Amino acid sequence: MTGLTINHYLMLSAMLFATGVLAVTLRRNAIGVLIGIELMLNAANINLVAFSRHLGNHVDGAVYAIFVVMLAAAEAAVAIAIVLNVFHHAASISVDDYTEMKN
Amino acid sequence: MPTGVLLSLVILAMPMLSALVIAAFKKQLGTKADAVGIGTMGVALACAVYMALNHATIAGTGYVFEWFSVAGTSWKIGIGLDGLTLAMLVVVTLVSFLVHLFSKGYMHGDSRYEDFYRWLGLFTFSMIGLVISDNLITLFVMWEIMGLASYKLIGHYFQKQSAYLACKKAFMTTRVGDVGMFLAMLALYTSTGSLRFEEIFAKLGDVPSSTITWIALGLFMGAAGKSAQFPLHVWLPDAMEGPTPVSALIHAATMVAAGVYLIGRMYTLIVLSPMALLVIAVVGAFTAIFAASIAFTATDIKKVLAYSTISQLGFMFTALGVGSNFAWQAGLFHLVTHAFFKACLFLGSGSVIHACHHEQDMTRMGGLWKKLPITGATYLVACLSIAGTPFVTAGFYSKDQILASLWAGGHTSSVYYGIFWVLALTAAMTAFYMFRSFWLTFFGKPRDAHVYEHAHESPATITIPLIVLAALAIVAGFGWKDAFLPAEGAETYVKFANSFTHEDPVWHHAHGFALAVSAVIWTLGVGLSWFCYMTATGATARKRARELIAPLYLAASAKYWIDEFIEVVIIRTTGIVALLSAWIDRDAIDGFVDATGSVGMKTSAASGVADIQIVDGAVDGTGSLAWGGGGILSRIQSGKIRHYLFGAVAVTALFAVVVLYMSRS
Amino acid sequence: MTPFLLAQERAGELSAALMPDLGRLAPELFLCAMVLVVLLLDVIRGRGPSEFHPRLTLLGIFGAAGLVVWQVMQDGAPVNVGYAGFHALQVDHLGAVFKLIFLATGALTVLFIGRSREAYGNEAELSILMFGALAGMCYLASATELLGFYLAFETVSYTGYLMAGYRTDSVRSAEAGGKYVIFGSVSSAVMLFGLSLIYGYTGSTQFGAIAEALSAAPREPVLLVAAVFVFGGFAFKAAAFPFQFWCPDVYEGAPAPIAGFLAVASKAAVFSVILRVLVTYPAVGHAEPHVADLLATNGTFIQQILICSAVATMTWGNLAALRQTNLQRMLAYSSIAHAGYLLMTAAVIAPGNAAAMGAIVFYFLIYLCMNLGAFFVVTLLRRDAGSAEISDLRGLGFRHPVLAVSLAVMLFSLTGLPPTAGFVGKFQLFAPVIEQGWYVLAAIGLINGAISLYYYAKPLREMFLTEPGDADATKLAPTSADLALVVLLAAPLLFFGLFGWDHLTEFARSVGPVALGVR
Amino acid sequence: MNLLLTLLTFVPLAGILPILFMKDAKTIRWTAAAVCFVEMLLSMWLFHRFDSAANAPLGTSAFAVNASWIKVGAFDIRYAMDVDGISVLLVLLTGILGFIACLSGFGVQKNVKGFFAMYLLLLTGMVGTFVAMDLFLFYVFWELMLLPMYFLIGLWGGPKREFAAIKFFIYTLVGSVLMLGAFIAIYFQTKSFSIPEILAKHELIFEGNDTIRAILFVGLFIGFAIKVPVFPFHTWLPLAHVEAPTPISVILAGVLLKMGGYGLMRMAFPWFPDVVVKAWPWLATLAVVSIIYGALVALAQTDWKKLVAYSSVSHMGYVLLGLATLTPEGVNGAVLQMFSHGILAGMMFLLVGVMYDQVHHRDMDRFGGLATTLPKYTFVAMIGFFGSLGLPGLSGFIAEMMVFFGSFAGKLPHAQTYTVVATIGVVLGAAYILVMIQKIFLGKPREKHEHPLHEPNGREWAMLAPLAVLALWFGIWPRTAIDVVDKPIAQWCDGFAKYLPRETGSVEKGK
Amino acid sequence: METGIGIQLAFFAFAALTVGSALFAATAKSIVHAAFSLMATFFGVAGIYAILGSDFLAVTQVLVYVGGILILIVFGVLLTDRVPHEYKVAKPRNYLPAMIAAGLVFVALAGAVMSAKWPKLVKGELPAATTTVEAIGRSLLTDYLIPFEFASILLLVVLVGAARLARGGARK
């Protein structure tokens, strides 16, 4: 049996990324959309780490991943702050109701 | 500059001068405008007569100068004098002078008296210009200016609907003919590189015969328009809406003569196409008999004369359609004699109308001989002339020669025999209906007491022209025609298909035969009309006969519904097409607006801009496409973030998939 | 050896390697410092007098701008900044000119916010966000390495989200922020995924190394997909198809000055990266395998992506703008359309094609004036009329001719009509495309330009063609300061439209070669 | 360096300056009139001084100006101006109509300052377009006209003025955008913005690539055809004409439409002679359709001004036909037609305007009998309308005649057929003019007017009389114009010689 | 390349956990369930990191994601938990576009990834996994020093801004 190749990780990340896309396009709940975004970021991170490893313990990918984790945190903070704000006005957490501006 | 040219320039300038002076000093002149007109025309007439007397030295002179030049090609215009021109000049100035004189009495008291003289001046100017031109350009220019002047003169009483419709009709109908003539000019210029008669004729040898035929037919189309040949004759009867002197001028000596003159002038070219000759002859003959039949039924004295004019013009064209030298001479000779007797008739009718206080219906006249002896006498003379009274009248000589040349033409093509008999019949009809008008007007019992009571002889300004013209209607037949329009000597400026000499047996025979026929038909025509209108038995027979041919009579009196036909088929159709075009033009717009369902937007002021986008939907599709596209995009921009995400991600991924697919292998 | 000790040991080495370069980062460092200064002052003083923070912000921006200029004066040659051969940033003229554009936009935005007389204008947080955003943009304009690029990119994004949603009292502003953050996060995740693939393929995070690896790359589908994904992030920032959806909603909802800031500075930031990559590392743009027959443009794959997006973007923006009645929203669509034009020209950028690159720089220089000017009028409308409908402009030409004429100049310039600088700008944008022989692309662009005229004409019509009745006269009441500002923005458009543009063009074209080190 | 062309172009612009500081409407009007008068004198001076015999190639005449304007890398944009006979004639037309329309503008009551400022700006744009010898400069002037025109129609026009203004704006801009695209492409092929230089190098533009050459030609053609306007790009025109105030209608019909013809002559045609020859059937068809369609639509109008507007479509069709013939006669005819149409259409719009000022409507069915009440007005109107109808002795005739001669003699396939079809337009032209005259001048008055109608006043005579005299002058003595334009036109036609079919074939006379 | 069977099994286990819980997080009816399912995903990803030898990152993942981001998300859920029906997942009819998008993305990625040659990757045996902490630390303070420092400013700015917005207005 052949061992784990880079493709294993890449397929996993592709699946995870697709699941993230599924979440962001399916979820009406703004928080749900955020969850989807986190999934997509994680997928990218798996790539980075896997490449990092498969480039021969190339550290850049891992560092990159750390930054991504950090940025994801900041992003979540920003997003939650803004979403709470919108919720405050629209009295709804469903992104489908945020249609004050359209056309 | 030769004397002849100078004189012809004087002749040309005189009427223009009259028109300009009258226009400029309208207020100061008042009714004295007539003096200006008559005076200038007198000078012109004097010059013309002088030229005619010295024709031997003057004929053949000319003057040419460059109008402009384009890319090295010089467009030259100028004056050319020859026998035909001199003959025309005399006729035109004479008739015009007499008409000017006649108008002084006839138009007296008209509110636009000065205007009338002004346009009369312009009209005469254009006719003179037309005949002295040595090229088709100035001829055409004058031709068109004549159209304008006739428009103005026919529409003199423009407050009347019938008058303004008539003038429009005259202009439009002749314009249709002009297009043909213009196209012929284009073809001539293209194939010979010039529009001067001399140069054209010199180069005709290089032109293919089919082109010549087309050119000849084009010219004939123009001539037919101006000279009222079928089917472009419709304007002429209506043009009787103009004042009677105008009718006399236009329909006797000038405008209608222009077409005949054109064909006569371009004869060298025309005769090269037997086909065109035949068409001219056939159309002329048909027009002659066709118009004569209508004249049978007309009761308006001027309408009778109008149809008679059309008919007589048909005679001229028929003659010109033969192609021989005698035929050419006959056609143009008839033009001259016709100018005199028809002017006399028109002015005579004018005198009658004047006397009867603008009553034109013959059925309400009668017995005026006593009241209007001079008018009656001159009218009779003219009638005799037009009917072709053998040996004494000018009309006889010209008409006889037409018939003779037709019979002679039968030697080349037997069709001309047939045409001969048609014209012979027409000549008989002419005698009949002309005398019919004479009897009805001057003899019999007065049918309208009121008209009769107030009738009185016209003043001298009216009767003098009548007398002069009546005299000419007799004497013009004698002798002088060979001086100006020599059948055997005109070859210097005109070529024929075949020439005869007086001694030619064919011609001799034809001449004799035609003479006999003429005499018979004159007798028949005049006698029959006397029988029908001056005897009681005749009146009943006439009624019987009329019942017998009722449908024909109805058709003739309805002018064979030509006007209605044109109205429906051409004018209405054009109008509908025009409306349709306008609708298309406007309603690319509305149609599209409706289609997109934004009718409401159209009305609301705020969306004025919105509207514009679709304005030209059909014309510039992009606008509407853009507008529609914008609407779709607006809808996609739903405001829902999920839709946006879907759009963005799906498009990106789709693009990626497509790229992957394309880059496979 | 513990990491701590290791760090200590290397400290000297580190400073030796890095310190000489820190001067190169003076503008960025200064902006970061300003963040701290504002925070500190805020903590110490509490809320200052009115106008305090705006003035402080302006001061900081001018300071940073001064530093940028100082750098340029110092030495124009491109310098790589980073630890011992690790190229984190490149400081050069290309970056400098974009930094000045960001800073100018920032300064004008602060001024606009001041003119809008909104209470939030004097908040320390806004200053901090502004400095953060500017710092991110400046970093972005110099970044030559993926991690820094991503970081700066996200900085610009996050500050943008927060600024768009800054007016917590307004439902529209909040919603704008919400849409912006959700859409932006997804886009950046897409981009990140693409970046991760590129990292894996090239084994490096530095542009230079990546370019080198790519130039040796065979025809490789994964790179195509990665390029598409990365472009997604760029497209989001530039408001280009297919990531343009957020733009109208966000620009309409955000406070008008902020919208203007996003429309100009944010867009300029992403184009600064596009230019950086395509000009400095042409291998990235040109070593890509050809995808035959995709567009039959004979272009490289990156060019083809740019072209596809450009066509769709400009068409989308212009068509959707046709029906708009809200001036701010219309300007949003217009800015989408402009992104399309810019992408179109970006597609022809190639080594030695200074004209195409110069055209984009030039366009941003004037876009700054015309678009910000238009957004400033929207700011005034929002302030005085409460809304930014086009109909609110009714009769402006009769009431306030100076303002109206200035706006007209800006709109004409946006349309691209002579004798405004916008015409020259459009001309320069299209010229390289035509020179390249991409006539269909140019034709689409030109047709789009014609369509755009239609909606730009709408405000003109309201201003000049509709006479104000007493009832529906414009409520705009510009002060002389407002007018001065608007004239200040309109005047260059006319000046550069007629005379000065040759020098400006020379300047714009010169920055690219300088970035390459080819003076 | 001769300053005349610069003066001609910028005198109106300079005239705006004092006007901006004036308050009194009367002063403004007279100042504007003075400026326009100076402009007219300048244009006449140019016409007088222009040495048509020398026939200097473009860019080398005594009036040529050529200075560096903007130089960026390879872009060398120059302040280059020059005239040849054709532009001289059109500048003369602009000068004359500019002054006359300015007088007509005295009737404007609303925002007089703005009106004349815009008007003078427009004048600068128009003259500049005719004299510019650099594509860039040309384009700037071309677009410069757009703005004032937009406002002049949109602010001072009739009830649907905004609609009309925007439609005009959009149409012309679409055209100029296409034009610009073609310009840029041509620039890259010839590396020059100079009109004479491009002409010299025209064969190099995508040498051998017929498709692209055709596309470029079509771009330029549409750009100019919209201005001409050629069917089907004409739909902006009736609306703009009808809604525009009288002076602007005069300028629009008199000068602006000529720019389309000028552009075709100066650029589109000579740069792509091969395409023109190939496109001849299309060009001729468009021209003929314009002629007939314009006349038909005019025939159906009830609005007097609209009728005149559609007559412009028809008449400008002759310009295209004349140009497309590529024969000296035809092109001379086209140029004459441009000039003549400028005079006559200007005059017709003034005539309509004079009457509109009195009765405030243009519904032909509500007029009648003006010949009785206003004989003098009728007289001068007849000159205008019959001139338009193509009556010999007036300028329209000679122009149309030359067009027809040229087109009939054309060496391109079926030239005769097209000519024959086009002559239908002559008949239809007579029809709509006569119907209009009948409705308005003949018959009896159909309506009572509050104020009795009066003959034109002094100012109106000052506008109408010169035009009438010009129409007569150029009708009787067309040399005045032909001598000036003949040589450049001959050269122009030579440019096509080698693309024309060798064998002219036997002259087909189709009727 | 031979990997221990145990590692392989671990990979598949973690992969299954990751994808399975992610799918549940994406589609769960209750947003609370989704949030908790997300926690499982994070753990799964951390496990993958561990398998890849990124011990530091695995820990960071757990700390930051589970300890930070997830808490934030749950906060968000709780703070908006006022309209119960609202946080139901989209109705089934909305699945189709979402599936299409996800499917396209997956096809694109999988197609691209599977055919890739990855020239820079180590072929054959990977070097032994060592602890990454030192390398990361060194890298952060040398190569990535500037981004690292910049990140701190980013966090500061973002937190100040987020606080301002979350507070719902200016400080009083």
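Order of writing sets the labels: A, B, C, D and E. Residues in every chain begin at 1.
We adopt the following convention: a residue touches a chain if its C-beta (ideal position, glycine included) is under 8 Å from a C-beta of that chain, and two chains touch if they have at least 3 such contacts.
Since we're looking at a predicted model, the values are computed, not measured.
> Listed by label, which chains are in contact with chain B and with chain D?
Chains touching both chain B and chain D: C.
> Need the graph distance between chain B and chain C over the touch network, please.
Step count on the best path from chain B to chain C: 1.
> Of the chains shown, whose Cα centre falls closest to the middle of all protein Cα atoms?
Of all chains shown, the one whose C-alpha centre lies nearest the global C-alpha mean is D.
> Report, in whole Å, the distance between the mean C-alpha point of chain B and the mean C-alpha point of chain E.
98
> Cα centroid separation between chain A and chain B, in whole Å?
Whole-Å distance between the two chain centres: 93.
> Centre to centre, by mean C-alpha position, how many angstrom separate chain A and chain E?
Each chain's C-alpha centroid was found; their separation is 6 Å.
> From the mean C-alpha coordinate of chain C to that of chain D, what's the distance rounded to whole Å?
The computed centroid separation for chain C versus chain D comes out at 45 Å.
> Touching at least two other chains at once: which residues of chain E meet that condition?
If we look for residues of chain E contacting two or more partner chains, we find 90, 94, 97-98, 101, 105, 108-109, 111-113, 118, 120-121, 138, 143-144, 147, 151, 154, 158, 161-163, 165, 168.
> Which parts of chain A, given as residue numbers and ranges, touch two or more other chains?
6, 13, 17, 20-21, 24-28, 30, 33-34, 36, 45, 50-51, 54-55, 60, 63, 67, 71, 74, 78, 81-83, 85, 88, 95, 98, 100-103
> At which residue positions does chain B touch at least two other chains?
Counting only residues that touch two or more other chains, chain B contributes 608-609, 612, 622, 634, 637, 639, 641-642, 645-646, 649, 653, 656, 660.
> Between which chains is there touch?
According to the stated criterion, the contacting chain pairs are A-B, A-C, A-E, B-C, B-D, B-E, C-D, C-E.
> Where on chain C is chain A touching in the complex?
146-147, 150-151, 154, 158, 161-162, 165, 168, 170-172, 174-179, 181-182, 185-186, 189-190, 192-193, 195-197, 199-200, 203-205, 248-249, 252-253, 323-324, 329
> Can you name the residues of chain E that touch chain B in the complex?
Contacts found on chain E: 90, 94, 97-98, 100-101, 104-105, 107-108, 111-112.
> Enumerate the contact residues on chain C facing chain B in the complex.
Those in contact with chain B are residues 178-179, 182-183, 186-187, 190, 219, 221, 224-225, 228-229, 231-232, 236, 241-243, 245-246, 248-249, 289, 291-294, 301, 305, 308, 315-316, 318-323, 391, 447, 451, 454, 457-458, 461.
> Where on chain B does chain E make contact in their complex?
So the residues of chain B touching chain E come out as 642, 645-646, 649-650, 653-654, 656-657, 660.
> Across the complex, what residues on chain B touch chain A?
Where chain B meets chain A, its residues are 634-635, 637-642, 645-646, 649, 653.
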